[in-house]
Amino acid sequence: MNKVVKNVEEALVGIEDGMTLMLGGFGLCGIPENSIAQLVKMGTKNLTCISNNAGVDDFGLGLLLQQKQIKKMISSYVGENAEFERQMLSGELEVDLIPQGSLAERCRAGGAGIPAFFTPAGYGTEVAEGKEVRIYNGKPHILESALTADFAIVKAWKGDTEGNLVFKATARNFNPMMAMAGKITIAEVEELVPAGELDPNYIHTPGIFVQRIFKGEKFEKRIEQRTVRQK
Amino acid sequence: MALDKIGIAKRIAQELRDGWYVNLGIGIPTLVANYIPEGIEVEFQSENGVLGMGAFPFEGEEDADLINAGKQTITVREGAAFFDSAMSFAMIRGQHVQLTVLGAMEVSQNGDIANWKIPGKMVKGMGGAMDLVASAENIIVAMMHSNKAGESKILKECTLPLTGVGCVKKVVTELAVMEIKDNKFHLIERAPGVTVEEIIALTEGDLVVPDFVPEMVL
Amino acid sequence: MALDKIGIAKRIAQELRDGWYVNLGIGIPTLVANYIPEGIEVEFQSENGVLGMGAFPFEGEEDADLINAGKQTITVREGAAFFDSAMSFAMIRGQHVQLTVLGAMEVSQNGDIANWKIPGKMVKGMGGAMDLVASAENIIVAMMHSNKAGESKILKECTLPLTGVGCVKKVVTELAVMEIKDNKFHLIERAPGVTVEEIIALTEGDLVVPDFVPEMVL
Amino acid sequence: MNKVVKNVEEALVGIEDGMTLMLGGFGLCGIPENSIAQLVKMGTKNLTCISNNAGVDDFGLGLLLQQKQIKKMISSYVGENAEFERQMLSGELEVDLIPQGSLAERCRAGGAGIPAFFTPAGYGTEVAEGKEVRIYNGKPHILESALTADFAIVKAWKGDTEGNLVFKATARNFNPMMAMAGKITIAEVEELVPAGELDPNYIHTPGIFVQRIFKGEKFEKRIEQRTVRQK
């Protein structure tokens, strides 16, 4: 089942103002940078973006924030982005902050047909406001619901023509769950290979979750905190 | 003399036990990895999706695809494993991680912790902290005893939005090691040269002080 | 003449659409894979953890670690993927599989299906059937119109413990193709040489029969 | 962190009468056969076994059934085992039949600290009796709870000394989720390799879930339905 589209332009066809997008990545690691650049070009507005972080001021989702294309962010951590903080504190940007594990699990649940589940994370905090609480094993848990998106955009290391994906190291992060939760899932990959080249034992995201796949033109893969030791 | 960040990290490192899987938060907790006591083996989990974190990479060997939860470039040890965020928090929520060390802006005497938001001023988000504190059996907080204005952060009740309730078991500051139980702080050790009186002065929460408070051995 | 198993499989295969992911149950449904219409491409998912099932292996090339949900040895096509049972049912429950074909002991006119238990006599278990029927948007049942005693299995109400409620959209038997809607069976096609009267006689549930009922083209 | 134990005897130390065990495998594919043989030898009684199937009459969990070591089975499909059916219908054996997807998800939930979740599977059937029902997206769902076990026993293809596991083809099935859900998880593997030999990108079960690992002495890997085509 060939899922290959020619380029990022073709891959993002159908994304419209007001839609909900999921975007993979943790910090700047494993983000779909080609697709984000294309979203800037398209100028799509009033987006709801579900993404663990919001990039930095001049890279990743920060680029969409600069252009005021995002109406609402659903994230767990946004500490590296001054423009984000400004828009949020000024009320220009709606923000729904979610514990990271709940965010991951809610995306997985959305993809897996689990509409809701109980988790201890956030009990007794702002996050639990208005949510149902139940005691399990003597501990309070809150009921969290599934997340889905009109489009999920993920970035993989290698992908094949059938949409099977493999991620590298910690660039995997949210990508596999978001791939499951998109009504349409778009994968940008560093290497696009023919079906049969990836070992079926070691596929991270089976192609059934991916509707469109393309080879990203350029990956800058910016490092947020270059930390080294001396030889 | 009050400890520096390295001192706090060294003291926390003494809490490590052989065979533990450990999650270290951003900041001082990250430093703990540098002071693993001899003869014990621990594995570090980072919630962005790696088990078996190693040292920072040599210059020129950084890999943008290999970072820790603080977004720092890292390396991995032999026997490491990568996984997605759902799996990572399955480990955390499922209590497969034996120790969590994280920073805090405030801690209260019933074990509440606040570290993600100052209303109207600063909102970084909770990241994985809420999952970690809600799930971990064993949480140590690394923090400063007071803020720059000299106001205690070891409180009867937290004033900032909470990250978790009744979860902190132990606090290590530049001045002291304290356990939390029975809705009180219990002074266990003091930093070298720091007096009990100095600690009491900077502790707003109820503090139980035994007759003898040993100095930390670092 | 009533269809044999292969005929039923061939007729169901006509329901396949290009680009679909399809889950085939044990028995007749498994045979559907042999009759994919020309010019379309489908992928078969087996709930024990494989996408991209291929043909049976050549003799001597069986791999005990590679089976389908019917425990038969299989092979995989290029582009296949293996995964665990939780991931497999994430695909099913999350409606990523476009068509499910399975067998049944009874089907009722509101779309209920029974296929896992005969109280006091036989209990094989539901396996993945309950997840499949509760989740699939598109379910086709492959079954015999009546049992060996000549009693209809196409019923007003199921008598056996249910596998799922109101989920079956289409039934293909050795005699007919029927759609289920508005709480009735609707006769769509009849097997070659089978008369409408024969079908009516063996259908206990309410059956809507249009003026013209075409013969299947196989 | 070395998890290696000498042999199956050492691996199964601590399993006692009346305990709850999870055992990986689908049919006879991917079952921990060395451990099952050892359980027969140990004669441990009144076990509650959570396993998708119950083996066949003379292999897999069927061996424990023959010896009447099992008090209760929690499974999804038991159709290949006449002795099982006899014990169940006569009331000698307690049986809890669970939809396969719910079984997999309940094991995962047990390992992941999710005490309960909603699923559509089983609504309106015996499985839903006594369970809470809620409508999500217009469809009724039932609340299912997590499963855990005193010991989980899984079978992997390759494992390293740190307990990292890799499974082969469809022998993966329930093994990864059960590995997560055992208070103590025992892995028997075909190949035991030094830490560092398995690619960290392609670990199926990270070692954190595994407490004991050993190389199985002998794998018969019996095939239930040998199906072939002619050359």
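Order of writing sets the labels: A, B, C and D. Residues in every chain begin at 1.
In this section, a contact is a pair of C-beta atoms (placed from the backbone, for glycine too) under 8 Å apart; a residue touches a chain by one contact, two chains touch by 3 or more.
Owing to the predicted nature of the structure, the values given are computational and were not obtained by experimental measurement.
Peer 1: So if I look at the partners of chain A and the partners of chain C, which chains show up in both lists?
Peer 2: D
Peer 1: On a CA-centroid basis, which chain has its centre farthest from chain A's?
Peer 2: Farthest chain from chain A, going by C-alpha centroids: C.
Peer 1: Pick the pair with more C-beta contacts: A-B or B-D?
Peer 2: The comparison resolves to A-B.
Peer 1: Just how far, in Å, is the C-alpha centre of chain C from the one of chain B?
Peer 2: Comparing mean C-alpha positions, chain C is 55 Å from chain B.
Peer 1: What whole-Å value do you get for the distance between chain A and chain B if each is reduced to the mean of its CA atoms?
Peer 2: Centre-to-centre distance between chain A and chain B: 28 Å.
Peer 1: How many angstrom lie between the CA centroids of chain A and chain D, rounded to a whole number?
Peer 2: That pair's centroid distance is 32 Å.
Peer 1: Taking each chain's centre as the mean position of its Cα atoms, how many Å separate chain B from chain D?
Peer 2: A distance of 36 Å separates the two centres.
Peer 1: Please list all residues of chain A that touch 2 or more other chains.
Peer 2: 105, 108, 112-114, 119-120, 167-169, 200-201, in rising order.
Peer 1: Spell out, as numbers or ranges, the residues of chain B touching 2 or more other chains.
Peer 2: Within chain B, the residues that touch at least two other chains are 50, 82-83, 86, 89, 92-93, 135.
Peer 1: Could you please write down every pair of chains that are in touch?
Peer 2: A-B, A-C, A-D, B-D, C-D
Peer 1: Can you check the complex and tell me which residues of chain D touch chain A?
Peer 2: 105, 109, 112-120, 134, 136-137, 141, 166-169, 200-202
Peer 1: Show which residues of chain C lie in contact with chain D when the two form their complex.
Peer 2: 46-50, 55-74, 76, 82-86, 88-89, 92-93, 112, 116-117, 120-131, 134-135, 161-166
Peer 1: Report the residues of chain B in contact with chain D in the complex, numbered from low to high.
Peer 2: 19, 21, 41-43, 45, 50-52, 76-83, 86-87, 89-97, 135
Peer 1: Which residues of chain A touch chain B once you look at their complex with the stated criterion?
Peer 2: For this pair, the touching residues of chain A are 26-30, 52, 75-80, 85, 88-89, 95, 97, 99-105, 107-108, 119-127, 157, 167-177, 204, 221-231.
Peer 1: Within their complex, state which residues of chain D touch chain B.
Peer 2: 1, 108, 110-114, 160-162, 164, 180, 194-196, 200-201, 203, 206-209
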